[in-house]
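Two complexes, one shared chain (subunit A), two partners (subunit B, subunit C).
Moving on to the complex of A and B:
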């Protein structure tokens, strides 16, 4: 690892000022868990790190309004995992976090850093996409809101401009929706997933009004599966065959990428099985607690 | 090295057979145990290795200018610098084939080409990336079977070390990748096959994996006082001293090798690894030099042999194996390391623990352009058991016999000759098999699952001979207060040898093991030991320690006689006080051990005494298969072994489960992936060893009631026995559950899924 400069601004405003530079070797650092690995591997050699750990604590807060949960980008993954608000309003997030890395990483890693890292194997992006979440992005003197689905544009790539920081994540309260996430590893349990499947279902009585299915890890970025979602729209929740059809539709429309975790053909079969199982999980989990 | 607060038991009784708490536990749990990674010497330079990025090429030139010019770089070394100090800088235990830094040619991607020295390891690392090597690519060979006839030749000429008589015939052989061909012939296989009721022939494959001790390789050489001290994480300090002295043309006593605790070894840290490079660098720059590898660099250092195994068996109408032909190709990578010994010492057990009159074995050590392969927990045995125990079930299934019954009918019984002709002695094969069957309740009904979750079970049994003949020497030093030091060069790398050796000495001396301090290997102080490998320490060093303790005990008894005091009841401190008038003096006992051995005949592989003892290990598993995804979950694993008399039952238990869990990773999840000879997954993030969540919910271990008559207090080795049966037991259980047979490792979920699809007549097409 090469020597670098570490700055620790005490306010978001100051941090945004320091990041407003054309120098691409100046990078922000949240928990630093992913950043440090990249630096040790020599794939990232920053000249200066702008640590965000000393900015106002408000940027790590978790709060709720009538229709949404807002999570500060500096909230650690374990703070989110253990948040009463998250557990009652967004239990699928708390459940997902328990399968993400390990306690030591979760105690340090931040939500904003997790999303900005844009590793396609991350667990939270598909879950947040299925839940319809958006990110609030700040830059010097400006703020904008963007669906998480539009944040990640490719393999380790985001639509964030230089000098922009994710400052909050807004997740709509789910009310009658129920959701599930399945993390599929093909080697050891702590491997990066070969596939992530997140589903969120909106039902009216026995009829599915809307389904969101977001898949990750088998692609260069998390994706919605529109054809599988279409199969479910208006279907009866008691019709087991429709879940099978949805899995088949997902397998047909997905274009998985082969790697050491599995061939493209095998991952397509995993999508077929686990989209169906995730839908079943969501239907079974409704009303359940994390 | 020993916790001074360790409490001695009040009434200590027998020390052998007692689960003495490990002596090092307190130091390890409190973070005070010494490791080479912690060691810093004044004026020390850090070395970082620049490695080949190609698998096979001639070196046209090495440009070190940019690296040398980087601020903070002390020196950049290449083979040219090493050659001025050591005219023939090739090392290795079986062949002197491995250069300290690549000379004229590289033979695998990852081979050390240059060394950068700097006071700051980060500077050295940055500089190493600046070294430019001009390569002329050569055709490469990666597959062990192709290497038999390949036009790509890894070494132009073979250079056996000369220490092994059975390698001498290879000296000077040109243009071949066959580093050793070992043959065994017994009976008349051709005739027996012709008369057999059934003949089965199958080919099995294993993948290249590696040891991955959590403490990566690390060595530090200090050239002070016209001699060389090497602090190293090594399993073989005595070998390091002899080999470094040979390279330098020095007497052994100018080289000192010190080894503290190891953070795991598993066979990786044997013979020479970094020691020759740090030694050369330190002597060239006349400063201490330390090289600490990263986790990634372990993938370029030493691995476990991938192998192809063809096994042909003739079986009579009653289910007796009448003939077996085994052909094994071991992928040794670019340097022989100990591969030729794996080829021979394990090769002769290729027919398995079965009583077969007609046997033919051919076992080949092959050079390829991959990272070198050496010893890894089992020394080739797990690869062989994978083949013969998979086939055992395939045969039993084909002839309609229960797999347990088939094994019962064929196993080697006490006194019967093994394939080498050596009669089996103190080898509890039958007992191990029966205990496994009892624990599995083999005859009881078994829940076979339903729907998409199918259940099955399988068993496998293997055996191993000890590498032979090898020597161990030990010294017991009794101080005037009656406390005691044990000096031995066995390396405690996590297997609790300090504790076991102290127990053996304590048993002889009639004191609690806690009273014995074990001095860690220091070749200036601790006597010779061949190495800590192959489950040999308990037996070989155990014998030497026992003899040293007996020698000390006899001298104490003689001293009592000389002083005219009752020998059995006079406390030890009183003897010294009476002899020297105060608390002073020492009594020193010495013991050495080398077992009897009869070398194998070069043409027939026959020997009347091929090993001092046999290790037996069997594993049974219960598994679940998800038929929609191919995921295999081992729900219960039972490991049974013959370890002779257990010196420390708690340690024997954890050695069995530790070995089995390691082999579980080699069976299901671990695989080095390559692209043109370059490892593409050299990290713990991308090479997956089992974690806590991957372990079977139930693991049971049992060392059967057994006694190795020639062993110290009836004991023998146990460090590897848990590895033997794991892989084939799982493959056998998969066939039991879902009717498909896997013949290649690792057994990934995808491999199982593809086999299921093929069996269903709907093979999965690639995209």
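Moving on to the complex of A and C:
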């Protein structure tokens, strides 16, 4: 690992000041797990890391309002997994975290770092996109809110500008909407996914009002599948054929990219099958707990 | 070089670290070899240590960030000179062959039983899925965790 400088500011304000530089080799660090992997691999060689672990503890808090759950960007994945608020309001997130990496990584890795890393294989981005979540981004003297779907712009690429930091994630409470995430691994149960499928369904009686389907590990970033979503709009939840139809529409519209866990053709078939199964999971999970 | 102070297995210590040193590298300079870097990617669990009571991968944790922390490694025995319940169960069940991964499995099993005193086989498999044993003593490890849970319960 190339030598670098490690700074540990004690406030967000101080951290934002240190990050306000044109030098792109200065990077923020949350838990540092993904960063260390990239540094060990030699694909990231920062001159200076700004560790956020000593800034105000408020940036790791999880809270709720009447219509949303707010998660501080420095909350560890374990803290989110075990949060009573998350388990009761957003059980699909708690379930997703249970199979994300392993206990030790979840104890250290943070939500903000996870999202900013923008690895297209990650589990949380498709789930957060399906749930309609947004990130609150701070920079020196400014704050803006952006849907998670617009945060990740490509392979390990985000729309964050230099000097900007994700400080909170806002997830709307789901109320009558129900959701599911399927992680398909091809080598071992704890492997990175060959495909991730997140769905969130909004129903009124037996009719689906809206469906959101977000797929990861198949493209250069997590993407929603609009054609499959359109098939479900207005459909009856008792119509099993419509789930098959939605899976076919998803496979038709998707343009998967091959990686070491599956060819493009294989991923297309995974999409066909697992979009349908994820929809079935969501319908079966109504009112379910993690 | 930066000077850090932390509590190591119950004793206050001071160490000199470079920013790029990880926890395993630091512990080795202090004569502790129970945490081993194997995969170097946080996947195998051989470098497990506890920082402020939470299990972390020592290979993915900057040593400089131990400043002010409480660190426990496999070298800390619960009672002076005696194996703890989990270690006894691993020995009883033969839950190792070469022993390289054992410190990580023992520390993770202690964490599991502290949170979940009577885990099901599925819960054991899930919790330990981030620990690899290349000798493949997994069946014995699962039996050892179940035995440790029973001994703990009987002693409680």
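Keep in mind that, in the parts below, the second predicted complex is superposed on the first by the 290 of 290 C-alpha atoms of A that agree within 3 Å, B and C clash if a C-alpha of one lies under 4 Å from a C-alpha of the other, contacts with A are read in each partner's own complex, and residues count from 1 in each chain.
Rule of thumb we're sticking to: a residue touches a chain if its C-beta (ideal position, glycine included) is under 8 Å from a C-beta of that chain, and two chains touch if they have at least 3 such contacts.
Source: prediction; values computed, not measured.
After overlaying the two complexes on the shared chain, residue contacts for A:33 are found with subunit C alone; subunit B is out of touch.
Of the two partner chains, subunit B and subunit C are each touched by A:3.
In the superposition on chain A, A:265 makes contact with subunit B only, not with subunit C. Of the two partner chains, subunit C is the only one touched by A:53; subunit B is not.
In the superposition on chain A, A:104 contacts subunit C only, with no contact to subunit B.
Contacts of A:156 after superposition: neither subunit B nor subunit C is touched. Using the contact criterion defined above for the overlaid structures, shared-chain residue A:192 touches subunit B, although it does not reach subunit C.
Judged by the document's definition of touching, subunit A residues 1-3, 37, 189-190 lie at the interface with subunit B and also at the interface with subunit C. Against subunit A, the residues of subunit B that register as touching in their complex are 122, 125-126, 129, 628-629, 665, 668-669, 671, 673, 680-681, 685-686, 688-691, 693-694, 748-750, 753-754, 764-767. Interface of subunit A with subunit B (complex): residues 1-3, 37, 42, 186-192, 258, 260, 262-266, 268-270, 273.
The touching residues of subunit A, when paired with subunit C in their complex, are 1-6, 8, 32-33, 36-37, 39-40, 49, 51, 53, 78, 98, 101-105, 107-108, 189-190. Touching subunit A in their complex are the following residues of subunit C: 2, 18-20, 22, 40-43, 45, 48, 54-57, 59-62, 64-65, 108, 111, 126-127, 129-131.
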